[in-house]
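What follows is a set of structures for review.
Same chain, two partners: chain A is paired with chain B first, then with chain C.
Showing the complex of A and B:
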């Protein structure tokens, strides 16, 4: 890739402007309602965080390049410019002040997909050399080492060995013709090994063949977050190649929000062809297993629990009813958070914000939304299905001296499997 | 040129010019959008794109609770403004007669007195919209001269129509001529301001709804 420059940034943004984007800018009436949906605005009160303002550089480029009136304005020297200063000024809004959560897109009265545009405009910011260090580091590690957190295959193998020793269960590597190929996120390998154990138990009870690909165990995709399609493509291709080499039927996206977006929705478009396999989120698979009677649960959690919908899984991924079906199976006292489901409030750490140290302060301010939601509910346990949400929530709770366990839904379900109860008895 | 001549010009050539600019301008704006095209989505669909598009096109007319609860007045005012404007434009007898002369068919009108009251409400609603725009920190922050121009050219036809109907301020013929001229100003300005949203909102909702439908997500 050539060196980043303002010209390149503008070119990249131009390349992202299609009919939907143009229709969105033509339809915006500056009503400002998107601000009310954005936790960066509601928690800071600063109007610069109004979602549509975050794509102002893109609007300027659209107007001056793709509208006759805008071209005339530019010729007369009246157009608004996009230069180095513009990129510098908007960089923090585009990366630090947006988690790509997508609430704004759902409240816009004219139907503008604003968060979709913020995802697109990041391509230009990265090309102009205005992406945050933290995300550049994560992306570089993802491409060079194979994981944004620098996790290598030996770490996965070590975890599998632990699993075998502790539980007698197995997580088979590189099994050709397995029905499912399970992906992990770095955080699940490093911080939440419970996930892998839960998968091993569930798959065993369901009687399904599954595997982890040694060439593509990592599901996360920093390229999607930083906005570099070339990187995103490299990372997705690893998964596609491995899945097709092993001939699996279904690839399972782990408890990670953006990984699901990357592999489920963006992947085929990045590599330029449809897949030869299906992609499902782990919660979709679990719900199917329960529906088909392949796994049975026994007993229920008595603690008051609520569910935090990861934005990319619920709002943008359409996996909303599954976690509720599952929770109602295993919890006696499951309560919904206000706006739960499609309109849930983001944890504040999505869209690459948690990998961007510069955004730490605004991320914690944004967390105040989740804090007040949790305080209003007064729950004992918080369940979620995204390792990144989980880490962001843990950090936020700790910072606010709130003591509350956070568990992944997959591992919680695994605890209530009938078979395990029998084995323990 | 006296008031009569002005009215004749505004009814005839003036209106034709304005309507031409409106139609050509709007078509240009919409074609500018469509010409950019859209890459096909290669991801495996979970639902129907067209179904989602139609659903969003209709459903987005209503606000979501989470935002309505925060800004009820602004949102209600938005409805009053739009509905009021459409009633005055399309359900006032003389307007229908005017459309009939173009289209060759008409439709039932509301009693003039009711339209008069609704136009007064619409004027108040437009004034409220301006007050909101100037007082809400987000709206003030987002506002450009274009927003105020669009506001003014929307207000003028309603205001002059109201004044003409009630024989206020200026002689009727002159006010009616000004009313027509203000409509023409609106037609001429609309394609070059955010008033394009009168058509592009449908495209925006369609595009977002289409993607949401394919993905089987809410929109």
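Showing the complex of A and C:
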């Protein structure tokens, strides 16, 4: 364990340069289309936020270490150096000015996964000691306490108790052989307990066995956001161990964007083997339940609603049609936001930005995109499926004095469930 | 009606804002402008007033007009076309005889110094211009008269641009191109037999947007459309690189879509946008249909050797030369890859595991 340093940072970035990264840099035609796709560029107009520019330190290292011309250039002392100043300058672009939303990767005409490269370059910035304080704090709490917001098991137990008292429903802890293991995000435990209640009601009606693991109730993964695979692996392993110990069939990722990316896509690669269970997003599970007739809804929302696609769930996760199926079942007046679905604009707070206080200002500037989209639509209610989006949107709306309720899709669905016969009696 | 801006006019025709913006984006990318320019293109086009256009047809076959104005559905390009004020056009105008000539004279008088002149066809100089006359005036005289008050001249089609078929050996009418005749006006050549419709609308859009003509190459062609040769943009190029050629039009190679170079394709010496813009609303283009490029947008293409004669026949066996070169390249590439793997491998091997204690500089 050595102290963070520039050399270490460069070493880590070198370790991240693989064949895809090399071909991405070689293939970039400098067309600038990624700038137009990035809300940090469109809302600030500052070209430094051009996505491909955010990985410039990595490009310099690739050029000087992996290309013939670059090697010649650095031999002649002509190459551009990566030093302390570079890390300091790019730190705010790599962490504050990117939500890893992936829109740039989707528009790149030569198919460069720019967002994936930014995730990779963060490895080097964290190793060089240039990760933002907010994210270091969150990661530390996640590893030491078990949750980035410092939520401990007693808090979960307290919420379960509330649930039992208020509704008579149960949220079983550590049930071996349950079909589903439900994960929660800290924000759902602390800010949006409606989620837990909704799950309890839905699972009851669907007649499914489920459980929460006391060793791994937390779904979020700060390691993914700060860009340290070692930490991400520690956090993912907790979930994998708990799920395999309890022998569950399916792990349900909650209404949280990056948690889904972490456990569904990155997890198996981090631990280096396939899981013995399936991972699904809650919206995928709900859509299945509705499809199989396991849950029934009654009545429909009359207010004009729209859906904000969380980037990690829609663009990176492919969960696009499920929320629409569900919303059309329970809302009379559902309208699509412009660019809805896989091209949706980010809320501005993903990828660790909301955990990084330094980025507050640019985050609110970036929110202007969502603001103008919402104003153009003129909806009464905004539905989403990510607690972090929800919090960022609430903050943005409040800052702009826009009064609009934001609800999670799971809890909205739960409201329209046909009540069980027993409860009616 | 003439006071309406283009934007108002398009909306009257039921073209949505979205459709209009799509056209602007396509136009901007056709003109190789950065995406930031799309709103500027839109704003300029939105505000543009109908420019007066006088279309002169000389020694031509009307294919240029067919290509540029005949579209099945009123495509948005077609609408843009409708919304220039086409004050005189032999083929398209309703008026005939003296009324037609009168319309031309009126338009010239009213817009003196500002109107655009589009010319298709070459101009015969032989027999005092008697080979081609309209309303008793020889083409030469008309050209000189109309050019005098023009803001700019667009020579559409290879005949107007370079003389084309009428000028081909032995050039019986002593035909010349527009630029041979008019030397004191800005001229844009839009060659092709016929030219691609989008190229024409692109030049017009550029004029409407920026009030000036696009950047031209040494043959006065807009660089954005004629800057690259067909060969460099051809989707069959990889077969050329591998030395895989169709030898006849019905052999295995032709069926497999291999390069048509040996069958006389003039792609390597022809500068045009066919390979990227394609024809018939992007459906296909000659090479995609299985026939080599005949180089129709190049000067003197009729006299540039047979259409089915290869540009030059390689002296050695291209296939094996390319294979050898390829193998050598592969070896160099593999060596570089090994070196790079070492660089990365060293970085990974020396990598220390990071824990939360290693994140802050203070600790």
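In this section, the second predicted complex is superposed on the first by the 418 of 425 C-alpha atoms of A that agree within 3 Å, B and C clash if a C-alpha of one lies under 4 Å from a C-alpha of the other, contacts with A are read in each partner's own complex, and residues count from 1 in each chain.
Following the convention adopted for this analysis, a contact is a pair of C-beta atoms (placed from the backbone, for glycine too) under 8 Å apart; a residue touches a chain by one contact, two chains touch by 3 or more.
This one's a predicted model, so the numbers in the text were calculated from it and none came from an experiment.
S.K.: Using the overlay on chain A, decide if chain B and chain C clash or can fit next to each other.
M.R.: In the superposition, chain B runs into chain C.
S.K.: Which chain, chain B or chain C, is in touch with more residues of chain A?
M.R.: Larger number of chain A residues touched: B.
S.K.: Touching A:68 in the superposition: chain B (first), chain C (second), both, neither?
M.R.: A:68: touches chain B and chain C.
S.K.: Just chain B (first), just chain C (second), both, or neither: which does A:315 touch?
M.R.: first
S.K.: Identify the partner contact of A:32: answer first if only chain B is touched, second if only chain C is, both if each is, neither if none is.
M.R.: both
S.K.: A:17 in the overlay: touching chain B, chain C, both, or neither? Say first, second, both or neither.
M.R.: Touch status of A:17: both partners.
S.K.: Thinking of the overlay built on chain A, is A:156 touched by chain B (first), by chain C (second), by both, or by neither?
M.R.: Neither partner.
S.K.: Between chain B (first) and chain C (second), which does A:144 come into contact with in this model arrangement: first, second, both, or neither?
M.R.: A:144: touches chain C, not chain B.
S.K.: Could you say whether A:106 touches chain B, chain C, both of them, or neither, answering first, second, both or neither?
M.R.: Only chain B; A:106 stays clear of chain C.
S.K.: Where does A:235 make contact in the superposed view: on chain B (first), on chain C (second), on both, or on neither?
M.R.: Neither partner.
S.K.: Any idea which of 4-12, 76-84, 220-228 or 346-354 of chain C is the one running into chain B?
M.R.: The answer is stretch 220-228.
S.K.: What part of chain A is shared between its chain B contacts and its chain C contacts?
M.R.: Residues common to the chain A contacts of chain C and of chain B are 17-18, 22, 32-33, 35-36, 66, 68, listed in rising order.
S.K.: Enumerate the contact residues on chain C facing chain A in the complex.
M.R.: Checking each residue of chain C against chain A gives 34-36, 336, 340, 343-344, 346-348, 350-361, 363.
S.K.: Going by the contact rule set out above, which residues of chain A touch chain B in the complex?
M.R.: 17-24, 26-33, 35-37, 41, 45, 47-48, 50, 52-53, 66-69, 103, 105-113, 116, 264-269, 272-275, 278-279, 315-318, 320, 339, 341-343
S.K.: Write out the stretch or stretches of chain B touching chain A in their complex.
M.R.: 28-29, 32-39, 41-44, 46, 56-57, 60, 63-64, 66-67, 70-71, 74-75, 78, 136-144, 147, 192, 194, 196-197, 200-201, 203-209, 211, 215-219
S.K.: Can you list the chain A residues touching chain C in their complex?
M.R.: Its residues touching chain C are 1-4, 8, 11-12, 14-15, 17-18, 22, 32-33, 35-36, 65-66, 68, 126-127, 129, 131, 133, 136, 139-140, 143-144, 226, 228, 230-231.
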